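To keep things clear, I will list the structure first and then write my remarks on it.
Residue numbering begins at 1 within each chain, and the chains themselves are lettered A, B, C and D in the order written.
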Amino acid sequence: MIGIDDEKFIRGKVPMTKEEIRILTLAKAKIGEKDFVVDVGAGTGSLSIEAAKIAKQGYVFAVEKNPAAVDLIGQNAEKFEIDNIVIINSEAPEGLRNVSRIDVAIVGGSGGKITEILDAIDSKMKVGGRIVLNFITVQSLSACLAWLKNHLDYKYEAIQVQITKLEMVGGYDMYKAQNPVHIVTAEKFLRGRTKNVIKVAFYS
Amino acid sequence: MIGIDDEKFIRGKVPMTKEEIRILTLAKAKIGEKDFVVDVGAGTGSLSIEAAKIAKQGYVFAVEKNPAAVDLIGQNAEKFEIDNIVIINSEAPEGLRNVSRIDVAIVGGSGGKITEILDAIDSKMKVGGRIVLNFITVQSLSACLAWLKNHLDYKYEAIQVQITKLEMVGGYDMYKAQNPVHIVTAEKFLRGRTKNVIKVAFYS
Amino acid sequence: MIGIDDEKFIRGKVPMTKEEIRILTLAKAKIGEKDFVVDVGAGTGSLSIEAAKIAKQGYVFAVEKNPAAVDLIGQNAEKFEIDNIVIINSEAPEGLRNVSRIDVAIVGGSGGKITEILDAIDSKMKVGGRIVLNFITVQSLSACLAWLKNHLDYKYEAIQVQITKLEMVGGYDMYKAQNPVHIVTAEKFLRGRTKNVIKVAFYS
Amino acid sequence: MIGIDDEKFIRGKVPMTKEEIRILTLAKAKIGEKDFVVDVGAGTGSLSIEAAKIAKQGYVFAVEKNPAAVDLIGQNAEKFEIDNIVIINSEAPEGLRNVSRIDVAIVGGSGGKITEILDAIDSKMKVGGRIVLNFITVQSLSACLAWLKNHLDYKYEAIQVQITKLEMVGGYDMYKAQNPVHIVTAEKFLRGRTKNVIKVAFYS
């Protein structure tokens, strides 16, 4: 069974990635059983919990600056009996400092520091690893795409997802829009290794 | 100049068709200067006002059951110095009884009686006339499309319009979705006139 | 790891559910390891393959009328080394006749017979079972919602999913829309059992 | 009557702004009867034609680099009997050099030079004037928003418009998405004049 319903999570007042965005993010992330996953801007921990269930023998590092959200992550980890989440109560990218390696990075929130966060993730990202990012503003999306265009060892795809719920009102199903989210998926490639090879032409 | 901004209208608590939907509805309606226009479910009268400005030498019949909304239509007509709107404080289709002929019908709200409303409009609609309808529920949209498929003297097109505003938050432009609206546009055709002609073949 | 990329499937000319719609459909379906799943209008079998990987100890019955598509399902099952898919080369609902019980039903295509298909699924559906349906037309969506409103032993939710890809053209990411898909999810409830109990009050 | 149907224009192979986007662009542009309007990236001239019909006593300067498109603009102007369009067969921003003043600017295509185009428009734009821009890529949208944030004498709004047509196939209305378009509307403000006033506080 894949995917946990929104209402199963303990939520408080912290905004939570909606279930449709969460499952799409997880599908794009292609997390393996032994992977080291970082979840940047973990919020309620909903993505961390689902990631941790897939990376059974790996770890999820949930980086979150808001103490109220950190509490929620802990409560949700307990509720779902997850013991492979490490909560890092810190801003990103600082919070990534103590993570030794990254197989998959999920970025739910970037607090205006998307370039720094991508740099920090990249420095620990294995070849073949993946970064999946959610954006709700033009500027962060645009900065991310610019970073990716400057890092030719990544290939990427990006989608905009617009979910509209049919809400029952009387006997009618009324269209109620959710805000669209952009999901960018980047994969680090082998050819990145040769990026620093200097091509020299000798003339004599 | 075409199109009036939302904030120009006096609004109260009555829901108002958003400006983007309003201008698309008006463009599809192709109102002429001398047209008789009905606006069913007129609400604040925003569509009626804009229609009345186009049908300068014609009339707009604004049918609206809610007395609070009727007040608003009157206030808005006064504000925009419109004197060719006739407000009919009644439910539809009953409110259409006293309209002698219809060149263009706009249906913003149907209160679950879309079939009856279409029948009433059709009975007074000239050949070449147009009906433009806004829908926010699957059921009303579907009932309208079914009616149109049964009335071969109409041809129609239908679109779903999804507007997302970029709302400035800090230095960021954040995507904020509005609920999608379906706009159905139907035009009555000449061939409708021959619908009841019985073709008889004589054999001898 | 969850979700298989579109390009991994053998496709031919048969239309295929796009990966984003597929993963959302699977998440809504909540397939268990031992479940009996039917996939109505299986097409290339992409949903059947993913369902079969989740229902490891169960079965997926892939109902598909088009022989070319049936071939593709077989080829894809072989490619992904799946041995718990039973392909039924038949139209629906006829093809469902030989399925003994249904835990989860996925309906990708209904060929204009959505009501009959829902009746057939319902007759074999366990309490607690789920039906997840994809729609691309107003009429099939509307007929499905009408059926559900008449079957109070089901509760449902429905969403419209609009995916827009960012396609790289030169140095630019251009918005390219995919057609929206409606996903309806229905769950059969216990209280359905008591639907026909007549409550009589005796007065003496 | 407002809005011209797509099929009324002579089109050739030049891409044309769709009618829904065109009417929304025109409504946001608030063109006056005597206005000087520039249409940058005029394409088939569909926006120029509609703008010229509103600016009856003004002029529309249609800037377009593609000679095939320039031909079409001429043909369409003739078809709609418009005599207040000046076609400038040039790239932007160069093509704007000979325009003396701008009341309203419409930018349908920017060919990767959005910043230069905005600078050129701004230098001739009256206070109270408007710029309405259509974007189909993240980068051009983002560059435009960045320019606007740096020009505090403009206020702006931006929307994304996603139109989905219901296309009749058999008895069914099938959802067919069009690519979304961003429409940015900027208005030049009086307070811009005081932008360079330096506020100095004296302490003694």
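As a convention for this text, contacts are C-beta pairs under 8 Å (C-beta built on N, C-alpha and C of every residue); 3 or more make two chains touch, one makes a residue touch a chain.
The structure presented is a predicted model; accordingly, all values stated were derived computationally and were not measured.
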Comparison of A-D and A-B (more C-beta pairs in contact): A-B
Chain separated most widely from chain D, comparing mean CA positions: C
Distance between chain centroids, defined by C-alpha means - chain A, chain D (Å): 37
Between chain A and chain B, centroid-to-centroid distance (C-alpha), Å: 45
Overlap residues in chain B, where contacts from two or more other chains coincide: 138-139, 145, 160, 162, 164, 166, 171, 173, 175, 180
Interface residues, chain C side, partner chain A - complex: 1-3, 19-20, 23-24, 26-28, 30-33, 54, 145, 149, 157-166, 171, 173, 175, 182
Residue ranges of chain C touching chain D (in the complex, touch as defined): 112, 136-140, 162, 164, 166, 169-181
Interfacial residue positions of chain B with respect to chain C in the complex: 138-139, 141-142, 145, 160, 162, 180
